[in-house]
Amino acid sequence: MTAKIAILGASGYTGAELVRLIATHPGMEIAALSGNSKAGMEMAQVFPHLRHLDLPRLTTIEEMSFDGIDLVFCALPHATSQAVISELPRTLKIVDLSADFRLRDPADYEKWYGKPHAAVEMQKEAVYGLTEFYRDDIAGARLVAGTGCNAATGQYALRPLIEAGVIDLDRIVIDLKAAVSGAGRSLKENLLHAELSEGAHGYSVGGVHRHLGEFDQEFSAIAGRPVQVQFTPHLIPANRGILATVYVDGEADAVHAALADRYASEEFILVLPQGEHPSIRHIRGSNYCHIGVVADRIAGRSIVIATLDNLAKGSSGQALQNANLMLGLDEGEGLRLAPVFP
Amino acid sequence: MTAKIAILGASGYTGAELVRLIATHPGMEIAALSGNSKAGMEMAQVFPHLRHLDLPRLTTIEEMSFDGIDLVFCALPHATSQAVISELPRTLKIVDLSADFRLRDPADYEKWYGKPHAAVEMQKEAVYGLTEFYRDDIAGARLVAGTGCNAATGQYALRPLIEAGVIDLDRIVIDLKAAVSGAGRSLKENLLHAELSEGAHGYSVGGVHRHLGEFDQEFSAIAGRPVQVQFTPHLIPANRGILATVYVDGEADAVHAALADRYASEEFILVLPQGEHPSIRHIRGSNYCHIGVVADRIAGRSIVIATLDNLAKGSSGQALQNANLMLGLDEGEGLRLAPVFP
Amino acid sequence: MTAKIAILGASGYTGAELVRLIATHPGMEIAALSGNSKAGMEMAQVFPHLRHLDLPRLTTIEEMSFDGIDLVFCALPHATSQAVISELPRTLKIVDLSADFRLRDPADYEKWYGKPHAAVEMQKEAVYGLTEFYRDDIAGARLVAGTGCNAATGQYALRPLIEAGVIDLDRIVIDLKAAVSGAGRSLKENLLHAELSEGAHGYSVGGVHRHLGEFDQEFSAIAGRPVQVQFTPHLIPANRGILATVYVDGEADAVHAALADRYASEEFILVLPQGEHPSIRHIRGSNYCHIGVVADRIAGRSIVIATLDNLAKGSSGQALQNANLMLGLDEGEGLRLAPVFP
Amino acid sequence: MTAKIAILGASGYTGAELVRLIATHPGMEIAALSGNSKAGMEMAQVFPHLRHLDLPRLTTIEEMSFDGIDLVFCALPHATSQAVISELPRTLKIVDLSADFRLRDPADYEKWYGKPHAAVEMQKEAVYGLTEFYRDDIAGARLVAGTGCNAATGQYALRPLIEAGVIDLDRIVIDLKAAVSGAGRSLKENLLHAELSEGAHGYSVGGVHRHLGEFDQEFSAIAGRPVQVQFTPHLIPANRGILATVYVDGEADAVHAALADRYASEEFILVLPQGEHPSIRHIRGSNYCHIGVVADRIAGRSIVIATLDNLAKGSSGQALQNANLMLGLDEGEGLRLAPVFP
């Protein structure tokens, strides 16, 4: 049996990345694609790298029929997503890639996104999509909320340390370097090649980035008490990849052991030998996350460095991994592509 | 049945690219890897992006056993290749990625490579590896000589035009823009990031690039008389991809028709609608070649633009495609990965 | 005496480049800056790299007083420029960086820019701003029309060859590689870092780029008969610089001699020893143009490669050089900054 | 009077940068250039971007005459520098750009550089070259030791805070992003474009980078007790620039005030309005350092972000600024070039 898939918002980078990954998936078939501003166009016009594929033409969401569709990926902008999803047939399984269903508490949503949530009932139902930590819930879910790409990277580095109690919860600094595709295909001056190339700068400095809502929610839940981290993302002149340098108060041996133990049986999370650390160039285009631990010269402090591809493991790869679970398929199907290097 | 594969020279970029592609190939198993300067190391140390794969350790060629090996990919440097290949068991099928067996006439080899060929008998036996034009010979060959990556790009644009007789053979200009991975992992000052980034320059200007030996050989054979093209490659600040802008004296309608007809049933060569032209960013990491034709404002002249990934379709992808043919497998197996964009 | 300068359109890249260059000019003072969409802002907000300078606040053009101003640089978009300039006081000297006054024949303007010229009288008065070829006219002009940056590069390579009669006028191909800042600070999808980085593609392929209007006008005037070149620009992933690879039918010795003779006493046009050719990374940020000549292997054909910085020698540097002439100052003042490498 | 200058090690990036800057300096004349491995070559062959300058040919150090030389810039590799400098005539003023004379305590030198210092007497004499903090000593010095480029960036952010006592000395994290030219023109695999482009990775992670010797020496001296910071540098795909993100326990108001006060009269250190933070793209090619302060959401913590050009303010620009002081010239002469953007 082949699962029939629809992708809403296929004209953005995460939508295109879903198409790229699903194209090699033997158990899925792309049956419908929407892209409201590009409705009526062929995908080959919007994304010429997909020219070799036989794909349905882009339509509006309104034109799309969901008959026979098994699962919908919703790669729409934040806020749009909740409006669209609340109108979809209740029979559909849905993986949402937006921020709309990540925060369980409507007050948190309003705090970080600046307005009340418009689909509070569905928000309750949504399962947080960090696969390795919510696997069972995801397998039984109707609606899965994909995590933020920065939020995923930081959590892969930190969750096992909080679970294992090996670090000081009040002294966590996440300094993150993000490639530009995470900002999407939006037309902003600071995303122009002439501005970003040969540049590097912080953004949302000072603890105002929205993915902090996810860190707060998740880390506090694990710790059983409020946890607040420092988190400063930076934009670097690369297309894909996130590198999170995480400063913790904790012994490197214990930190490394906690990570190595936790991920020992995880296919896509690779913990490097202690003392080694990863580079974003080695995960590009793949669903793999590499994590390294190095002891600092100051006794009792460690540096954890985690990297993943924001479009793959950070969003569309994660979404496909979750969809595989929801459909009862091999969790890693379509996701075992090696990184493209150089 | 799974074919057992050995890769000689697995510590270079084309070797690593072979590993990446074969990793998704259900009918092949990598049984041995050599890398003389890195012998004894794990591939994960040499190429951390392959860390997730279970691969044999790198050995020297001398240490390698060829028992049970069905096919060898030889990704060694030019000149080294002919010495090694002439010592391999005669029972092995071999795909050579070096320049050593591309030129059929030993005098041509000596002219372009500066010294006599050391394995002239094998040179006679070798089949030129441009799959779409030597498919039947390749299927029956023991030794296939992979083409130059620039040579492949130019030939995809021009061979059908020469075959169809729609262009002036004495007025062909190939202006080529090549990404840097084509130069390999060699330590040269002009390949440093600080030198190349924000740069762009011609190299081998004036008709001295060695791939001209392939153009001369192939185009003259098709035309039945000597053909010499102008060919100027340029290095651009990108990692993968070749874009060849080819100036021809010929009507765009006829030029486009000749290409569209010739490649109509080719899976990996895609001719764009007339008037459109391709970009290297849309073929990165894939085995696809995109070709476009635009009429010039000067009547009777056309511009043909062809692009492919130098490491994939230009070398390792081509090599795998040929290996599939030689082993009687589905020609496109392991090669249908969509390009990675952005 | 210090000349008082106004810059219209200071919120774009060429405007900012003028400020950068004039900041080191001892004989000029920036007295007024306009930037309609950013009026009221400090330049440090629009261009933080100019933060250290004491500059006037941006105003609208309407708010700007021209009392005491000696010369105006007009760095406005095409079409806007002619409307604004025709309203400026007749006493002002003006250097226009737009395309509005480059073509002497109103019919040519309409052909290439798609609508009738709105200031035909001023168009007649304008002097074409290719300094080394219109120096005397520029020194006495009231209105100088800056050339296109691609048009300048191609002309530096070709004018002396046409003047000297050493090439076939019907076999000229200009294959040009342009960095992205030439497209300005406009918000277009194909100028995004994620699209352009790791990319390379032709644009205006087939002889439809507007700078062909300048080539046609100038080359035909020199030759005394119509001359049409082939011209294909490509966008490459770099910020500054143009590299033009020009294919001509002509002997390399004669071609090199014509260039070397013509530019022997030019401070900013450097002809390399025959057989060498330049790179864009060696002219970045400077007013220098490097030109090389290499003989092709095909007898009687040569390759001329010219490079310059599109924002400096290709527009704002040229504009300042012309302004120096118009104001009776040292022609090279403010323009002798060495290129920034790496 | 024009000071006669010699540059030892002019074939490296910092040597070339000195030439670029001094070329615009009215009070200095470059009289001699050495570059042992390139001795006998013209600078235009080694650095074509300097082709327009009339420069002495490169010689060996042994061939160089120091008669009439007023000041020597020594841009040699670490360890080589101390051997060469101890043989130079005692009458010369010397600005050393290597690490050899940065650490006052020979034991510290041996600890960080792995072998005993070979010129201990001269080490005592050397003045640490962070201009804004050692100005008077530098003006009277015979030998000035240029600082590390990373060390300069971190110190500009932190020295005023330690002096003012507004931060916790035991909770300082410096997460630094460095462009690749800081690694010099050395041939290393990880500096190749194909490796670094689209990459980003930490190096010397865990408190083992040699510039920590400078941080320890300077911060401890200011504080009057041992201070150890955490410092993790990262390599990013850019050519020039360092961005240091510094995490401190301290109130943003006090932190900003301490920086703004300290640098109020410094020409080259610009403190942004509180809440703003800088980008490396805005200081490229210049001697300016931009510093910003943002309060973290966690009360009592702040983020300080400092950026400068590693080749300019971080090494050669600093060296020229110090040379101006040593020669009694205007401190900022030759250094007021605006950054090149984009």
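Labels A, B, C and D are assigned to the chains in the order they are written; within every chain, residues are numbered from 1.
Note that in this section a contact is a pair of C-beta atoms (placed from the backbone, for glycine too) under 8 Å apart; a residue touches a chain by one contact, two chains touch by 3 or more.
All of these numbers come straight from a predicted model, not from anything done at the bench.
Peer 1: Going through A-D, B-C or B-D one by one, find the pair whose contacts repeat those of A-C for over half of the pairs by residue number.
Peer 2: Most of the A-C contacts reappear at B-D.
Peer 1: Of the pairs B-D and C-D, which shows more C-beta pairs in contact?
Peer 2: Comparing B-D with C-D, the pair joined by more C-beta contacts is C-D.
Peer 1: Find the geometric centre of each of subunit A and subunit D from their Cα atoms only, then give the gap between the two centres in Å, rounded to an integer.
Peer 2: Comparing mean C-alpha positions, subunit D is 39 Å from subunit A.
Peer 1: Averaged over CA atoms, how far is the centre of subunit C from the centre of subunit D? Could you give it in whole Å?
Peer 2: That pair's centroid distance is 36 Å.
Peer 1: How many angstrom lie between the CA centroids of subunit B and subunit D, rounded to a whole number?
Peer 2: 45
Peer 1: Identify all positions of subunit C at which a residue touches two or more other chains, and write them in rising order.
Peer 2: Only 13, 181, 194-198, 237-240, 278-279, 281, 284, 342 qualify.
Peer 1: Note which residues of subunit B are touching subunit A in the complex, please.
Peer 2: 13, 16, 19-20, 23-24, 47-53, 181, 197-198, 239-240, 267-268, 270, 272, 278-279, 281-286, 288, 290, 336-342
Peer 1: Applying the document's contact rule, which stretches of subunit D touch subunit B when the two form their complex?
Peer 2: 13, 180-181, 183, 185, 187-189, 191-198, 237-239
Peer 1: Considering only the defined contacts, which subunit B positions touch subunit C in the complex?
Peer 2: 171, 173, 175, 177, 179, 194-202, 205-208, 212, 228, 230, 232, 234, 236-241, 243, 245, 247, 275, 277-281, 284, 294-298, 301, 303, 305, 342
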